[in-house]
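Take this structure, written in structure tokens, and hold onto it; I'll ask about it next.
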Amino acid sequence: MIAVLKNGTTKPQMDHLIDWLSKQNISVHISKGDSYTVLGLIGDTAKIDIDLIQSLEIVESVKRVSEPYKQVNRKFHPENSVIDVSGVKIGDGSLNFIAGPCSVESEEQIIGIAKQVKDSGATMLRGGAFKPRTSPYDFQGLKGEGLKLLFEARKVTGLPIVTEIMNINTLDLFEDVDFIQVGARNMQNFDLLKELGKTKKPILLKRGLANTIKEFLMSAEYIMSEGNENVVLCERGIRTYETATRNTLDLSAVPMLKKLTHLPVIVDPSHATGISWMVEPMALAATACGADGIMVEVHNDPPHALCDGAQSLTPEQFDSVAKKAFKIKEVVD
Amino acid sequence: MIAVLKNGTTKPQMDHLIDWLSKQNISVHISKGDSYTVLGLIGDTAKIDIDLIQSLEIVESVKRVSEPYKQVNRKFHPENSVIDVSGVKIGDGSLNFIAGPCSVESEEQIIGIAKQVKDSGATMLRGGAFKPRTSPYDFQGLKGEGLKLLFEARKVTGLPIVTEIMNINTLDLFEDVDFIQVGARNMQNFDLLKELGKTKKPILLKRGLANTIKEFLMSAEYIMSEGNENVVLCERGIRTYETATRNTLDLSAVPMLKKLTHLPVIVDPSHATGISWMVEPMALAATACGADGIMVEVHNDPPHALCDGAQSLTPEQFDSVAKKAFKIKEVVD
Amino acid sequence: MIAVLKNGTTKPQMDHLIDWLSKQNISVHISKGDSYTVLGLIGDTAKIDIDLIQSLEIVESVKRVSEPYKQVNRKFHPENSVIDVSGVKIGDGSLNFIAGPCSVESEEQIIGIAKQVKDSGATMLRGGAFKPRTSPYDFQGLKGEGLKLLFEARKVTGLPIVTEIMNINTLDLFEDVDFIQVGARNMQNFDLLKELGKTKKPILLKRGLANTIKEFLMSAEYIMSEGNENVVLCERGIRTYETATRNTLDLSAVPMLKKLTHLPVIVDPSHATGISWMVEPMALAATACGADGIMVEVHNDPPHALCDGAQSLTPEQFDSVAKKAFKIKEVVD
Amino acid sequence: MIAVLKNGTTKPQMDHLIDWLSKQNISVHISKGDSYTVLGLIGDTAKIDIDLIQSLEIVESVKRVSEPYKQVNRKFHPENSVIDVSGVKIGDGSLNFIAGPCSVESEEQIIGIAKQVKDSGATMLRGGAFKPRTSPYDFQGLKGEGLKLLFEARKVTGLPIVTEIMNINTLDLFEDVDFIQVGARNMQNFDLLKELGKTKKPILLKRGLANTIKEFLMSAEYIMSEGNENVVLCERGIRTYETATRNTLDLSAVPMLKKLTHLPVIVDPSHATGISWMVEPMALAATACGADGIMVEVHNDPPHALCDGAQSLTPEQFDSVAKKAFKIKEVVD
């Protein structure tokens, strides 16, 4: 960390700061220029609160040179982490498709879709049981019943299941879930992250709607700092001024995350765009820029089901996307 | 709700939709133009999922005419709601100051500040016990111990206390808190909102960092729809591209919220700007545009305490802000 | 266009509006619901100012059903436009690479790079002569001299040249330029757009830093409405809250633009990311999601030149990107 | 400027950089830490292109310590600049109202409004003659004819006039305009800024829709660096994800700009909010946080004129706003 002191900082003021820092086991290298003094802070600065230093009267500006995250940092763990989800590996160089309906609706629906997406190459089944909804009047999911239907679909197809947790208190219901998703709105639900950090479950952490890449990594750090190393990151679109798409899929985040962290990175083009005909091009683009996996909504029987999402693919469309994506993956490698 | 159907929609397709809507107790008024057909949906459309309608193949676009929120809606509750926080009224036309330190640190600190801000006209005491922090390595608050110190300060000064809850599981610890704050990062922690809706406690709901005014109102609706009418809204800055200030304080939200809802609206200029010298101008501006209250960080003993925030005022500065704000309030009324 | 009238609108008020609309050759279809009245405006509503209608006391909200752009609209021109840039075709299903240095610096530099990028498959040469710079103290380009060097490089390699115009008054200097670029900051310099619309030159219109897709299309409409049909659109990153990359490359805009307009769409990953090692993944992603071309900065002799951009590729890196991109293009087709 | 070099930078690499910097008259202070080397750049670093330094292989990160703007910088000009607009002073501690219609429509209209706003305390008359419009099909203003009507209104009322220039080529038409406005879309039309910098005319520079405070100041620097010191800054709302208001009025920018520059700062609440009933609260808030002036749209005869803007006040409403604002100004001083 580097702190630039204001012109006119007195010696006692500076000494007071250096003294306080040394109590935090930070040593200081002083560099005096004509118009400013630069302090180089040396030691475990990840534990120093940058806002606190910035707040001091005598400080012009502060800048981290080393990142505030450690366990997720590729600098300290150069090789890719490979996460094992009940036998399926993510981050080992393969391309994983996680596919399934937005919400679990019925046994017939979830088993039907599970079989179809498996045939097209999906390695995991997604499906919402607990649904975070903006309105209290919208459908909130089948909850525990939905989880049971997912378990049923896993039994039939062998696909590990991915589903979202919204609340610490339901954690025991998720004991049998293979891959627990933390949704975008909970990316900074720190108490939830800490509890999940105490398990050994693979965690699929979605980027918050308006969170920076740095905050995203800090949330992963919350999980890892409690001892759980099984974290997968998921870019799912960020909030911008553009309204033509639901969110703006930030694909630049993929290579950036792969540079900064050893954790696998997947992409969810369905939620980002909110429009089914945009899922294919964005899934292919995500593959082309290095994603370890794609999470995509697939529904069956669209003429019957009214609530089939604007963002969901039919199994046939999914099959076509997967085929092209696997070919692009070969080119990229 | 108005749905514009695509050109080329067939009669059976349209009838299928109208049929489905009628099962949701929505009747439909059809208006056929040359190049498009418009359906007017009549009935309790708040319970209709707009994304679901938008998702249909035959739908060009959908638009809500009536708002999706009901209990928070001023249309159905034209007069201002006045929230009673242990005897202090918010929303009755007065200007409330909620002041206190970022974090509760010690008995001496919190009681000292409480006395000083009370003398300057503050009607409530704020102080963080459970602190949401971006980094797992940053100070997370004194927790239960911090709450006790707040109770102590209340006993001495009589000021009701405001402090943040982060987790449903700690709700019983908050039984004795006068005014429970839901922080920006938890604005869409729907399970937490629902639990708080089952209490009768006054809730201070902060706007999420990148949430729209509509989403903000929907989160208040979550609380009210469970039966708790004691909700106060707090604008605290939104995330934009601008980096000169920590967040962009969206003061336009104040008159807009006052127009859309009967709930009181307060403003937190400390967190929005992150810079102490900006607190005064923004507190005065918030007063000028109609806020029912101002929430502001005040610390004492700045030369001693290293961690006093860049965003905190001294008690003397707070006194000056409050004096000017009360005068502005008179002009505005 | 659909206008929803407020509850309580009187008959004379409504008649006054309908009367005014009929003078603009707009007929009105009235649909009365229980709680609101909907007017369907029929006729050439592209010429109706939506803000003007929205501004009326009696209007609750207005919504365009048909797009305000016409000549750029795919609805009225379903097949792809193919733009001919001195013999090079864009939009015909091929993948074009436009490559070259950020700024033209010397004859040796520009000719050297031109030869190398041509060998790797680039079909056009880019290079800045007039440079828009945030600071008046930054290098502003070689200007007319830079154009001459570009002409020289074209003579040697046969590559058509692409370079940016900043000012109507320099238009005659651009007479011999093959493809005139309008930069992001000038996307809404309407007088410049109109003048360019009076020429027959191919125009490369870059999306403004914070412009919506709709505004982008309206700016293309400015050029086309003056008679110049030779417009190519370029996505180059938008401004968001994220600071890890210079801008956020909005690749979702590619399929969305291809849906809405018949004009070709290219992508500039160099300016969007500002970081050379991100150019390859984002160029491949742009290809995978359907871009008609990629515009990329290439420099030579990096150890010597101090000003080689963080965002520029070496010719060898460019060669590798182009090879992979052409393979991905085959998969996508 | 401070440059942090990457671990593993060799001595010759560092010497090459230092050598190049010394040729730009920048001397370097080297500070070697355990894990990084910090270079302090001393001299006229405003002329150093920060992107260029950032781009170097060996550079981890760069940070400006001194601002890149000089002539607009309050550090080098601590007292407020007072701009004289044909006898009206801005920045001298008074509160100026600049009022008038969105577009000049007729002699009767502009003279009528001019008289009324003058009576309510406005010191300048605004009115659009050349109108930048998103759509080529929208009304583009009366142009030269509009300017003549403004001159007429000035003759009758004595109010100096403010109107927007869109294009260098029309500069001679503006010779008789008292205060030339550069609109938000032209904030980075650098050639226009330079031409205006060569005049002595007072320039009202509006902040671009998505421009940072720093870029705003750099654009003012463009004008000043050519010799014209008569620049007034205008905050008019920025583009964010929020759609409830047209733009988000960034009032925090007012105290921040007043801190960073000696130039006067005014606020335009009409364009920012786009809604007439929001103009009063936001005008009062702007006054409360220290604006030197308010620019507001006023129309007359609203029942007759259909195109009176949603964002315009009636003369009576304007009178009420002005009265309250002058009282708030007294409190703030």
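So that you can tell them apart, the chains are marked A, B, C and D in the order they are listed, and the count of residues begins at 1 in each.
Throughout what follows, a residue touches a chain if its C-beta (ideal position, glycine included) is under 8 Å from a C-beta of that chain, and two chains touch if they have at least 3 such contacts.
Being a predicted model, the structure only gives us computed values, none of them experimental.
Colleague: Which chain maximises the distance between its CA centroid and that of subunit B?
Modeller: That would be chain C.
Colleague: Of the pairs B-C, A-C or A-B, which one shares over half of its contact pairs with A-D?
Modeller: Most of the A-D contacts reappear at B-C.
Colleague: Using the average of all C-alpha atoms in each chain as its centre, how far is it in Å between subunit B and subunit C?
Modeller: Averaging C-alpha atoms per chain gives centres 39 Å apart.
Colleague: Just the number, please: Cα centre separation of subunit B and subunit D in whole Å.
Modeller: 31
Colleague: Centre to centre, by mean C-alpha position, how many angstrom separate subunit C and subunit D?
Modeller: It comes to 26 Å between the two C-alpha centres.
Colleague: For subunit D, jot down the residues that touch at least 2 other chains.
Modeller: Subunit D, residues with two or more chain partners: 210, 239-241, 243.
Colleague: If we count contacts the way the header does, which residues on subunit A are in touch with subunit C in the complex?
Modeller: Subunit A reaches subunit C through residues 210, 212-214, 238, 240-245, 248-256, 259, 272-273, 277-278, 281-282, 284-290, 324, 327-328, 331-332.
Colleague: Can you name the residues of subunit A that touch subunit D in the complex?
Modeller: By the definition above, subunit A touches subunit D via 2, 4, 29, 31-36, 38, 40, 42, 60-61, 63, 65-66, 210, 239-241, 243.
Colleague: Please output the residues of subunit D touching subunit C within their complex, sorted ascending.
Modeller: Listed in rising order, the residues of subunit D that touch subunit C are 17, 20, 46-47, 49, 51-52, 54-56, 68-69, 132-139, 166-169, 185-186, 188-191, 194, 209-210, 215, 218, 221-222, 225-226, 239, 274, 306-312.
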